[in-house]
Amino acid sequence: MTTLLEVKNLNIRNKEGQSLVHNSSFSLETGKTYALIGESGSGKTLTSKAILDMLPAHLQMSGDIVLQGEHLQQLSRKRWRSIRGGQIGAIFQHPEQALHPSIPIGRQFVDLMRSHLPVSRYEAEKQAKKMLSQVLLKDTSHVMSSYAHELSGGMNQRVMIAMALLLKPKILIADEPTSALDVKTQAEIIFLLKELILDTEMSMLFITHDLLISGYLADTIGVMREGKIIEQGSKENIISAPEHEYTQELCRHCSQRFLGKGEIPYA
Amino acid sequence: MLEIQRLYKEIHGRPILQDIHFGIEDGESLAIVGESGSGKSTLAQLIMALKQPTSGHIFFDGRPLPSKGISSYREWYRDIQIVFQNTGSTLNPAMSLFQCLEEPLIHFTRYNRAERKHKVLEYWGKVGLNENLLRNRPGKLSGGQYQRACLAKALLTRPKLLICDEMVSNLDVLLQQQMIELLISIQKEQGLTLLFITHDLTLLPGLCSNIMVLKEGKQVELFSTSALYDEAERDPYTVSLLNSSKMFETAWNQLT
Amino acid sequence: MISIIRANKLPTAALLYIILLIITGLAAPWISPYDPFHTNHQQKLLPPSVAHPFGTDYLGRDLLSRVIHGISESVFPVFIVLSVVMLIGLLVGTWSAFLGNKLDMLMMSLTDIFTALPSMLLTIVVVGFLGFGMENVYFAVILSWWAKYVRIIRGLIHDVKKEPYITASRVSGAFGLRIITRHMIPNIMPQIGTMLILDVSKVILTLSGLSFLGIGAQPPSPEWGVMLLDGKNYLQVAPWMGFFPGFMIFLTAASFQIIGERLRRER
């Protein structure tokens, strides 16, 4: 069990000097999933953006981000970007925003693959179709020739996952990928992610506000509040014996959601 | 109170809603549950007279859906109000929050300025928001505060029926819980009739007395919330919706 | 507030200059040291001095006084002309956005024709037809600028119409005109305002430019462009005659440009 990614003392500040993320440290092991939980504004999305070198220009960051021994912030922008494509994959909350609106899905796959690897169009298309079936999309030819707006939210999310995994990254960063989906589709996508992780031995940094999903998906959990990681540990420890008041409240809320079974407290 | 009869809606030749037929009694609360694409938002828009049905009828207290004339629309909106999903632009960003909330009072009541101010403050407080925020523009509010503001705006003219169209869907789980609790307390206090549209069944216990399941524009079944977990009685589709959260539930129970 | 000023030193300076200019222009009859039309052949072509900070021109008129009175010839009319253009744009653009397809398309074809014509050329042709003089120039400028605003405002209204808060305002009981005035226009004004400010500098240059060509303001008007025309003949002998009005045109146009650019970046 090796440490794949280590984030040490990450600090993100805005122009007025306010600290948006304060001294965050955590690590990601090979083949394990780390769930970073927090509400909107807790700094969890900024953390993921920092790792991807996608922070908005007006924010400053300090600290260490180490990927397999390489200090990412010390690299040239170009190098960081090639790592971003090849070794770190990412999926976000709104796939329609990440996918090009006027290029067919198939072309986007092919372009992506050929910008990183020396493959022929035919080979790239074959790989793309393979990925699409792996994310459980039926009728891959139809998807390949469609535009992003022609597909449903759930399908787009699967497409985005397929694209993120196309170059076989070691880490997948998933930033609230299911928050905009309905419960049924959400369950399907989460299930899919879990299966893919198990198959490929990939590590995942899963960012969410939902502790419940994390209980299913994660190995390690970190709870963020107002820019600080207030508690982190194995999911067993966090969920069965939460220490921080906020974590306890989250756990209470999750347990209550199953109260319904047979007991409807409705007047 | 609200009667939907044989409602059918087509958009660009594609049927979005087919043969929708149900009613809501005074003081009742009905949840409409469906996945994305089930047509539930279109149903909300039809009831709110923002779209016209292709065929079928909608009646409120015996009156038909308005299709012409400002006054018939105003009458309708005096009785039925709606809170939309939080997209950050359901309130006019160029007006102060006070002005946003004042708007329905100006059109639906004959209150003078002082009375309007009183009403706005009353409902602002009911949804648990700080008076100081009223001076600001909507853009300054957080997601949770924004939805509370929208709720206050929908309630302050005391409509008889409130439609909540995925009202909490864009909020964090804890905020969702708080909003639902707020809604329940207001419902009890004002005897509000509620139509709650959502994709998440787990929100419903405690909130709604009846549930209608919608799939691809068609009504699957309508049942009382107390019978939600009677899997033997329920349509397989409803059961599949319930089971969506089963895998999380199982994992959770193993850990606690 | 102070931090805004510190971050925007140049636009703030430009704004202060404009405010000063407007106040000076309004107070011209009281603060102007001399009568701008008073000729004095003993005092002609004097270089800048304490008595005549800007010097005198070939007719012995004090240039500072002429420049001050020129504000209401070269700058104020611009505000009026653009206000008319904006009004036309709002009325016609909004009306067009709510029209049915055929009438709207007719309006678009009309604006197409006007925007295709180069504005300077159109202005000169119109003035050629109507005769020289500032009033005709104002009319010609309005004629060449109205189409642009109609198009843009129509487009903005089209976009605003789709916003959720417009639907929400209907549900709150607002209809027709009230929605347009209370909900739509306030939300498009920022964009229109920025465009107007940037266009102020263009129109200042247009008006002064046409006067410089001799087809706008006529002597003895203290309009800056026509002063520049006078000064052209005395460049060797009394360069200050041309320098000051020219510099004022430049400074004023540039200031509006700076403010407009800064506002545009805000978007």
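Going in written order, the chains are labelled A, B and C, and every chain counts its residues from 1.
In this section, a contact is a pair of C-beta atoms (placed from the backbone, for glycine too) under 8 Å apart; a residue touches a chain by one contact, two chains touch by 3 or more.
Computed from a prediction, not measured in an experiment: that's the story for all the values here.
Among the remaining chains, the Cα-based centre furthest from that of subunit B is the centre of C. Pairs A-B and B-C differ in how many C-beta pairs touch across them, and the larger number is found at A-B.
Inter-chain centre distance (subunit A to subunit C, centres taken as mean C-alpha positions): 52 Å. Between the Cα centres of subunit A and subunit B there is a gap of 31 Å.
Per-chain CA centroids place subunit B at a distance of 50 Å from subunit C.
In subunit B, no residue reaches two or more other chains under the touch definition. Residues 39-41, 152-154, 179-187, 190-191, 209-213, 215-216, 235-236, 239-240, 249-251, 253-267 of subunit A touch subunit B in their complex. Within the complex formed with subunit A, the residues of subunit B that make contact are 35-37, 142-143, 170, 172-175, 177, 188, 199-202, 205-209, 225-226, 228-229, 240-241, 244-245, 247-249, 251-253, 255-256.
Those residues of subunit C whose C-beta lies close enough to touch subunit B in the complex are 163-165, 167-176, 182-183, 186-187, 189. Against subunit C, in their complex, subunit B makes its touches with residues 48, 50, 70, 73-74, 77-78, 81-82, 84, 87, 89-95, 103-104, 106-108, 153.
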